[in-house]
Each structure stands twice: as structure tokens, then as C-alpha cells.
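In this document, chain identifiers A, B, C and D correspond to the written order of the chains, with residue numbering beginning at 1 in each.
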Amino acid sequence: MLRSLATLLLLSTAASAETADGEALKRMTWDQIVEQARGGTVNWFMWGGSDTINAYVSGYVADRLKADYDITLNRVPISDAADVVNQVLSEKEAGVTDAGSVDLIWINGENFRSMKQADLAFCGYTGLLPNDSLINWDNPAIANDFGVPVEGCEVPWNTVQFAFAHDSAKVPAPPQDMASLIAWIKAHPGRFTYPAPPDFTGSAFLRHVFIHAAGGPDRLLGPFDPATFDATAARTWAILNEIEPFLWRGGATYPTTVTQLNELFANGEIDFSFNYDPAQFGLAVQAGTWPETTRSFGLTDGTIGNTNYTLIPFNSPNKAAAMVVQNLLLSGEAQLEKAKPEVWGAAPAIEISRTPPEIQEGFAAIKTHPSVVPAAELAKAALPELQADWLIAIEKGWAANVGN
Amino acid sequence: MTDRTRIALLLAPALLVLAGLFLTGLGLTLLRSFRYLPGLGLTEPDLAAYAAVLTAPGFLRSLALSLWIATASTVIAAVLALAAALLLRQTFPGRTLIAFLVQLNLTIPHIVGAIGILYLVSQSGSFARLAHAAGLISAPAEFPILTHDPYAIGIILLYVWKELPFITLILLANLQTLGEDHEAVARSLGASRWQAFRHVLLPMVLPGLATASALVFAFAFGAYEVPLVLGAHAPKALPVLAWQAWTDTDLASRSEAMAMAVVIAVVGLALLALVARGLRLGGQDAR
Amino acid sequence: MRADRMRTLAALALAGFLILPILPLAIWSLAHGWRFPDLVPQTWTLKAWSLAVDARSGVLHSLAVTAGIALATTLLAALIGLPAGRALGLYRFRGKGLVTLLLLAPAFLPGIAIVFGLHGVFLRLGLVGTVPGVILAHLIPVLPYMVLVMAAVFSRFDPEFEAQARSLGATPWQTFSRVTLPAVLPGLMTAALFAFLVSWSQYLLTLAIGGGRVQTLPLLLFSFSSAGRNDLTSAIALLYILPGLLVLLVTARQVTGRSLALVGGLRP
Amino acid sequence: MTTLVLDDLRKSYSRAGPAALHGLSLTVASGSLTALLGPSGSGKTTTMKLIAGLIAADSGDIRLGDRSIRDLPPERRGVAMVFQNPLLFPHLTVAGNVGFGLRMRGLPPTRIDASVAEMLDRVRLGDLAQRKPAQLSGGQAQRAALARALILRPEVLLLDEPLSSLDPALRDEMRLLIRTLQRETGITTIVVTHDQAEAVALADRIALLLEGRLVQDDTPQAFYARPATTAVARFFGGVNFIPGTVRDAVFDCAIGPLALPQGLPQGPGLLTIRPESLRLGPGPNLRAAQIVAVDFLGSLTRIDLALDGVALQAMVTPDTARGLSVGARISVSFPPEALWILPH
């Protein structure tokens, strides 16, 4: 324990800007970059609430980085990526351009948009990563993060798709689409709720209702359009206000986090939970938090899918090492490892068909947890993510019209 | 070395640290609340952030909520602590154990207590389960709403739990210094037990009680992590609202966060002024 | 003897109130799945504890960091607060009221009131995200307690003892270490305990100034709590209580006895 | 008016604390000023607190006139107590303190003000009515404390070491004030003290407590002339003790037979004579002694004597002592009326 404290003290004082100059790196070959990266330390800020994900990163990933590249991975657990964006922003404002405290962020959505807009991301280097070839950049769901073009500013890590969980012992026949879900809510007062935005998951649920109110996603794709928004939003608030009295606690209050939603579901206070990462359902059952009879499903009119990424801030002093981390995360082995249900159960962000045969066999052999709806099943009805402007407008509108 | 130099030297490190950290932090917060941000090209201070904050209904509701939390917690904790201190002043079997529990509680961080309270009194918490076992409720929804509730009952409960020992210990120390003789005199002068408490003991411990209560009020008003764990989605406690505004990636809301911080600081300073007046500090130099 | 029974009841109620919120934590830390309406978990397990002490979970590392920061903060606060307490406790001087007010102020101004500005200052100094930065930030809420308790201690200290020692041939350092320090030590221990606990419990300042990189237990605890792992959260919460409990046991004699009166020394 | 009777009072404490009482019986005559005398730890303060009702007796009874007050709460006993420290309430003015008891009784403010003003004048604190206790001198504070109790016209007034916190000059003044006020009001008063000289100077009667027991209850003079035990004699400054046997009116001892007054108990006993009663020079029961030491003590001179192997002490005026030197032999006489026999 003392040693780890000493390391930390040293780390914090020795914020040397070894590979802060991104432009210089871009002119190097991969081998040169790896050479630069050796012996470095990467401070990876990521949501730290899942012990399985933590174990994968601090165990498998960190061990391989140490063994193969002598890179020390310092996982920095956080509760909200927005805090990190804010931190980098503060650093920029204070003129810290080459000695930032963040080397890598697990990120997507509006946080990515914020970073990109404020020029906080290190961009244009992803082609240098050897495993970049495994990414299908032609897939719009990969090349756009919540509708914002990635443009070499971040590297995909996982793909996820929104799914609902229910206890099959209590609700044997859950509603299959948004319309019947709304009907179900009205027929079962107090048995449903959703986390209040800006909770990430609650916000995603809102977008499903919004798309439903719009009669489909088609008119919502592309840049923000105030006229379309106003018309759709009015219908959305009407629906949400209509179901509000039938929600948990009569809609007087909403859970503030998806954690509270999960807790309510675990204790049978409500009949549905939902998550952007269905693998979490299996983990909750394994942890004993949720009943064994938990099952999950997508809606027939579609659920939103997205990709999440890792990003290097513009002022990271360890860009080379961070790039090596990103490259390792993309590798077939690393993606396969985290796809195993007992490890994490996360869906890969790479094209499996481009990996070596033994990796492909590995993926084929994976049996998903019975509580987790298979990604392929969900993919049959997938909705695209809306651009961040829509998202912000929906969140603000909800606070003013529904959750007040 | 003259006494003046000696005193100056003795005080210098503490004043340097506090001026360097505390006053600078406060000063910069104030400066930025006036939207003075040369780094971003804003060099004309204005009151826009205050205007935005004070006209937002959310802010006023949050301010009211935080004031309510602090007031209720302080009053309840102070009254109970007074009773606890009077109890612990006596000798009875088990007193040592309770005195230990009171001290132990002082060492428990707020966030641990907040999580404990959450597991205890939420609608699916231990009490709800007991109620279910006793046949009083059949589902969590029937249990009273004590956490994440609009009246902040869970938050107040936590503060009472956590601050009761703090005030109790200060009162006990106070009572120890005072002894029991003043009450004995009052009784022998014909005061009933209640009168001796009301007219003698209470006025004598009041300065200590008031200071401790002011500290508790300041803490309950400005703490961030407790309402984060136990608070409802709306309205948010003021510190949570301020933090959210600060971490908002929209730079405009940062000035608003600073303005909210200044409002919180003003409440704290008002408390300090009250305490200083009560203790006759500040005005009197030599004491 | 009805009064006796009332007193016993009140004592029981108080003890129960103090201990109750800890009980669910203890049970949760040993539970595998504990859902409503089960009064006790259906399966007991040590899984949460083994995860908590597993190096990869970072809990022990955080424990060390938290303890190291608290100890360093306490030591620094003692070094700064002892002389200041002496000045306030032994001397009368112009501006004493003002100085006392300034030293008292951080106890009344919540961290959130200064942390945004402090963050800006520390960013420029390269202290954000560093352990020294967090220690410095912790000094702000810690110093008032240290200074005021030491002021109370010194107000009861007779400097004639030092004069006596000097006249018997002691050097200034010998006088301090053999005469002054032993005399104020019980009070210093009380102040140190408070300083340690204030730093130990700090959440907001660590979150902001540590920038996530200085991962103390409260931050980790919140992280797990917000992930809904009640079992892990509880195990960490109990671990988080442990060192405070140890410090309390070690210093119990100092704190329960005469020098508890010094807590009243928070009154200047 | 009201006689205070303590009947076989017992009080024991589980742990170290105030002294215990082992069956105290004492009658305090109405209107008298009695000193409760004893060294520290003898049970004086315990007795006072029992009378005041601040602690409860294990057994025994306390009666005021013909009613038992044992189970009454303090405020309904008609007993007021003044403590060793003035214990003025720091948050009240002098007037507020003096009027405290009347306010507790719910008297109208105008009547309280009048009584307080009158009382303050009697203890010469009229000018200081609006002061806070912190601004008073020790003597002023003690007078205020006395006034605070007296204003209630209690049936019994208890004073716990009222002079011990004052410096010697103030003591005489305060003693006189207590005496005067007690005589004027006729309130049955008990003064606790550990100082026998103070007890003698102040009280009509003295009750001496030793180790939780009443050993003698008598007039001050009797404690000098007729102490009940050796301990009492020693407590009152007795130093001369000679063992022997009383036969008729003669005491047989190491220095030969001494003539005694009539009526003393027969058999073995301890002869005592106060040092100031031992006469240097001729008289009854004449003996020869050698001077061992001469110590000038100011108003008196102490002469240590050796008489057939028995050590004796005499107190004489400096005039009498003039010319005496160590080693000289002088004659010493034992006036029979000054001899007293203690049980041995």
C-alpha cells in the first residue's frame, strides 16, 4: 500500500510532457510510436462502477500492456464522463496545453461533441493504428458518434444497443413495441418509471418515446431542425405527461440514475429496467442482484444502438502510449476477451470477419447469458442515434415540460 | 525579538496558507461570478450570471430546499443532542458503550452514513422489509417515501444522525466544564427540575450550542455528497445544482456556477458574522 | 425508579439510532442477492470482501492514498496550527479578533463556495490531479479545527514552565520538546484526530482538485454506489469506517478524558 | 419556629466520590446557627446535599418541625443552600441572580424588584445590581450568593464553606455579615467548615463529623474543655495526652498521681490538658520539667517540655516566656479544673 502511494506521489509530480506533441507523432511510423510509448503511463478516465469491466481493464488489458510494451495503465474510475470533459476544458482555459492530466477517456455522445467542438480532442491519427484495419469506417453507426462525424478524433471500443429487462416470472408476456409498452404502463399503475435526464439511460429512453412520437426516425436524422422538433416534442410531452400518473410514485418523482432504476427493478418495485448495454443484465444476475428469471428484449419498432469510443485529449502528455492502448483494445484478442459473458459480455466494435480464423471461432463459440438478449436478435430492429443537438433539446424540454 | 514580531512569525504560516488557498479561491470564484474571464476574452465584469441564476426558478427552489434541509437538520439535531448530552452526563449501566458509539459516529464519513440511511429507510430498505414481514405493507410502494423525496427527509435524517453526536460531544465538554453545581444552587433556591434547566443550564450552554449548530447548519447547507446520494431529481440541493452547472460543458453556465457558489459563501459568511457577534469576536481585539 | 426506566429506554433508543444505519451495510457486504422482501439474504458470501481486498479493484490502493493524504494533511496542519494556536492562546494583540475570524471562516464556508476558484488557481500551478494539490486543498477545512483546538490548549498552558526550563539550562529546542510539547500533547492528539477525520471524510475537494486521478475511498465508494453494487459498496463503506475506528481506539484515552473539553475549544 | 432533625441518615457511594455517611443523627435547634465541622472527606457536604435534597439518602429521615422532608424535591423543602463558590449564574445580572428564587416562585416582577433592592442594600451591593457576575470581586460575589438565598426566607439556610474562597481580610467582614443577618432573620442556619477556629467564632453550636459519623454536638467552649474523644481533642489543637487510671478523684500515671475534679469516669483513661491551660510556675499538682524547645509564634510562645519521659506542650504569652531557655528546669502545675479524661 505504501508503495502504491509512493508511485502515485511520483506520478503526480513527474508530469513530464514526453509525447505531448501530437503533430510530431503523426509523422512517425507505428514502430517509432511504440518505441516512444515504452515505459510510459496512461491515465485512462472511465466509468468505474462495474467490477467486471474494472477487472478486465485493470487485469487483462493492463497486464498485456505491461508485458508487451512496458506501459503502466492507470485506470481512473469516474462517475460521469462530463466531469472529465470539464477538466480538460478547464486545463485548456488555464493554458495547460502539453501537461494535461487525462490521457484517455471512455466517451461518446454529447461529451464527444463537446470535446470536438472545443478542440479538446487529439484528431487525425487513427489511421496510424495497425488495428484500424479491423474497423469498418464505412458503417455510419461507427463513423458517426450520435450523428457527429468521428473524423479520426476517437477510436471505437464497443457497440451497444438499447434493451429492456423484465422478470419472466412476473411478466411472462412483456409488451413488444412502444405503443403497447405505453398501454401496459397505463394498465399497471406504479410499475414503470425511467431515470430523469441528464441520466444517460433515462435520456435514451426519452429518445425512444420521441422517435415513436415522430412516427419513426427518418425525419429526425441529420442536423437539428427546430420546426420538426417543436411538433414532435409537443406530442412527446403529451405522451409522457399522460403516463406520468401511472408511473412509480405517481410520477411525483423520478429516479436520478439508472442505478436507482436497477435497484427498483431488483426489489420488484417496478417491472422493467433498461440499459444501453444489455450485458449489464447478465452481470446483475451473476452478482445475485437480479432474479435468475430475468430476461431481456428489444422493441419490434426498434431500439437505439450506438458505439462508444476511446479518445485522447489534445493536451495528453502520453499520446504515444495512449495510442498503443487504443490499438491493443481494438485487437481481436482483446475484443474477444471482453465479449465473453463471464468477463464483460460487450459486443465488439470491429468487423469480426476481418480477424484471424481462431478469433472468429472464439466469437462463434460465445454463448450469451440467458438473461441477455443476443446482439444479433437486437440488431434486427435497430434505430440510429440522434445528433447531440436533438438530445440536448429533448433533455431541456423534458425538464421544462414533464419533470418539473 | 519583540512580542509583535514573535506573534507575527507564529501566525504567518497559518495566515499564508489560508490567505493563499482560501481567500484566493474565494476571490477567484467571486471574480468569475462577474464573468471576468480574461482567458476567454471577457474583461468587462457584469452581473449577467447573477441575473441568470436569480431568475431561474430552479435556483430559487434549490436555495429554498437547501435552507430547509439545513434548518430542519440543525434544529432537530440540536434538540436531540441536548437531550443526549443531558442523558450521557449521568451515570448508568451502558453509558460507556453509548459514549463510544457517539464518538465512533463522529469518525464515520458522511457518504458512508448516507448510503447506510439509504439502505435502511428506502422503500425497499430494511425498515420496509420489516414492515412487510409484520404484514403492514404488501409492496415497497406502500412504504412511506423517505429517500429521494421532495421534502428531503432522508437527507435530514442523515444529518441528524451524523451531527447529533457532534453537537452532543461539544455540549458534553461544555457541561463537564460547568459542573452540576449551578443547577444544584437553582434547585435549592426553589427552581423545579425544569426551571433549573430552562433558566440556568440552557442559558449557560447556549453559546456552545449555538456555535455547534451554526457549524452544522453551514455544513448541511453546503455539503454536496449527501444530497447526491439521497436527494430527489428535482429540486436539487444548491451545491448539487452548482456542481452540475460547473461541470456543464457550456462555458456560460460556469459563471452561473460561480454565482451560486458566491450565494452559498454569503450564507456561510452571514453565519460566521452571527457567531462572531455571539462570541464578541472581531470587534474586540484583545480577548 | 420510573426515571431509571425512562433513562434506560432513552439510552437504548439513542444507541439504536446510532448503530442502525451501519447494520444494513454489514449485512449487504455479506449478501449475494438480497431483494425485497427478504429480511436477510438467501445466500451469504464473502465475495464482496474478496473483491474489495483484490488489488485490481483498487480499494486497498485507495485506502492507502486516503490514509496517506489524511496523515500528511494532519502533519502539515499540526506544523502550521501549533504556532498559530500558541499565538492565539497565549497573547493579546491588535487584530486578534480579525485573525481569529479568518482562521474560523473555512469552517463556516462550505467547500463548494471556494472549490471552483481554487480549481482555477491549482490548474495554473499544476496541482490539479496531484496528491500534493489535494493535501493542500484539505488543509483549508482542517486548519480551523487544528488552530482553534490548539488555541484552547495554549490558553491553559503557563509559559512560565518554559522560562523555568530555560533558566535550568535547556536550549529552546529542548524546552519545546521536553516541556512544551509534553504539556500540549493530549490536546494536540485531539486536534490531530479531528484533522485526520476531516481530511478522511473529504469528498468535494478531492473530487474537484484530485480531478479523478487522486482516487480516495469516498470517490471510489460513490463510484460503486452509483453502479448499484450494494454488496461491494457496503464492504468498502465498512473498510472506510475501519481506520477512523482504529484512530479512535488508539486515542480514546486522550479524547474521552479531560481533553474532550477541548472540543469545546472550538469556541474561541 | 422550625427544628431540623436528622435521624440516622445513611448514604453510601458505589465509587470514589463524596464521603459516605454512616448513620447521622443530629438535632438543629430552631433559629440557631450550627457549624457542621470536620476535615475534608468527613461527610459534611454529603449531609448538606441530603438536607437540600440534591441527593437521596439510602435510609434515615430528615424532619423539619414535625413533617418529614426526606422525599420532597429540593424546591419544595424550604431549604436554601449557598455553595463554596458563589456560583452566580453568569448569564444573569446581580439583581437577576438575587431575584432568581422569587422568579421561580412566580412572584410579580414589581414585588421581586422591591425585595431584591432591599436585600441588596442589606448586603451592601445596592450599587452593583446591574453588574454581571464576572465583574464582581470574590467578596461581592459571595455576598450576592448569600443574598440570593436569604431573600427566599428559607426555613433552613445551608452555607457550604462560605468563607473558604475569600482572602483573610474579607473573611472577618463576611463572618460578621453572616452572624448579623442570621441574628436579624432568625433563620435556622447550618454552616459547613473544616476550620475549627471559624466554627468557634461563628456558631452557637458545633457538630463535629469524623469519617461519616457525628462524634460530638456541643457548644464551642465544650469542644475545648470537654472533648468527647482523642480525635476531637486533637482536631481542636489538643497535644498533651498522658495515659493512666482514674481512681476516685486521682489520676495515676507516669508522672505520679494528679488530683482531678469530682465526677469523672473511673478506670483507665487518657488525661488531657490544653497547652494554654498548663501553668508554668507554682500551683496545684506541681511538677518539675525540663525545657526542650522555645518557639516564638507571635502572640503566643510555645514551650516544649519533658517531664519524666512524657512530652508536653505549653502555650504562654511572650511575657511569661521571657527568660526561659532551652535546658532550664522549671516548675509546672496542672490546675485540676483544666484536666479532662478521655476514654482510652
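As a working rule, a contact is a pair of C-beta atoms (placed from the backbone, for glycine too) under 8 Å apart; a residue touches a chain by one contact, two chains touch by 3 or more.
Just so we're clear, the structure is a prediction, and the values are computed from it rather than from any experiment.
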Set of chains whose contacts include both subunit C and subunit A: B
Pair of chains ranked first by number of touching C-beta pairs: B-C
Farthest-lying chain, centroid of Cα atoms versus that of subunit D: A
Distance from the mean Cα position of subunit D to that of subunit C, given in whole angstrom: 54
Intercentroid distance (Cα basis), subunit B paired with subunit A, Å: 37
Where subunit A and subunit D are represented by their mean Cα positions, the distance between them in whole Å: 89
Rounded Å distance, subunit B centre to subunit C centre (Cα mean): 16
Touching two or more other chains - residue numbers and ranges from subunit B: 124, 140, 246
Numbers and ranges of subunit D residues touching at least 2 other chains: none
For subunit A, residues that touch 2 or more chains besides their own: 83, 93-95, 263, 266-269
Inter-chain touch pairs (all): A-B, A-C, B-C, B-D
Residue ranges of subunit C in contact with subunit B within the complex: 4, 7-8, 10-11, 14-15, 17-25, 28, 35-39, 79-81, 83-84, 86-88, 91-118, 120-121, 136-137, 139-140, 143, 147, 197, 200-201, 203-204, 218, 221-222, 225, 230, 233-234, 237, 240-241, 244-245, 247-248, 252, 255-256, 260-264, 266-268
Subunit B-facing residues of subunit D, complex: 49, 52-54, 73-75, 79-81, 83, 85, 87, 89-92, 100-101, 103-105, 145, 148-149, 152, 158
Complex contact set, residues of subunit C against subunit A: 31-36, 43, 45, 51, 56-58, 60-61, 63-65, 68, 119-120, 123-124, 126, 128-133, 207, 211-215, 219-220, 222-232
Contacting residues of subunit A [partner subunit C, same complex]: 1-2, 4-5, 8-9, 12-13, 15, 43, 45, 48-51, 54-55, 58-59, 74-79, 83-84, 87, 90-91, 93-96, 99, 101, 257, 259, 262-263, 266-269, 284, 287-291
Touching residues on subunit B, where the partner in the complex is subunit D: 181-182, 184-193, 195, 199-200, 203-204, 206
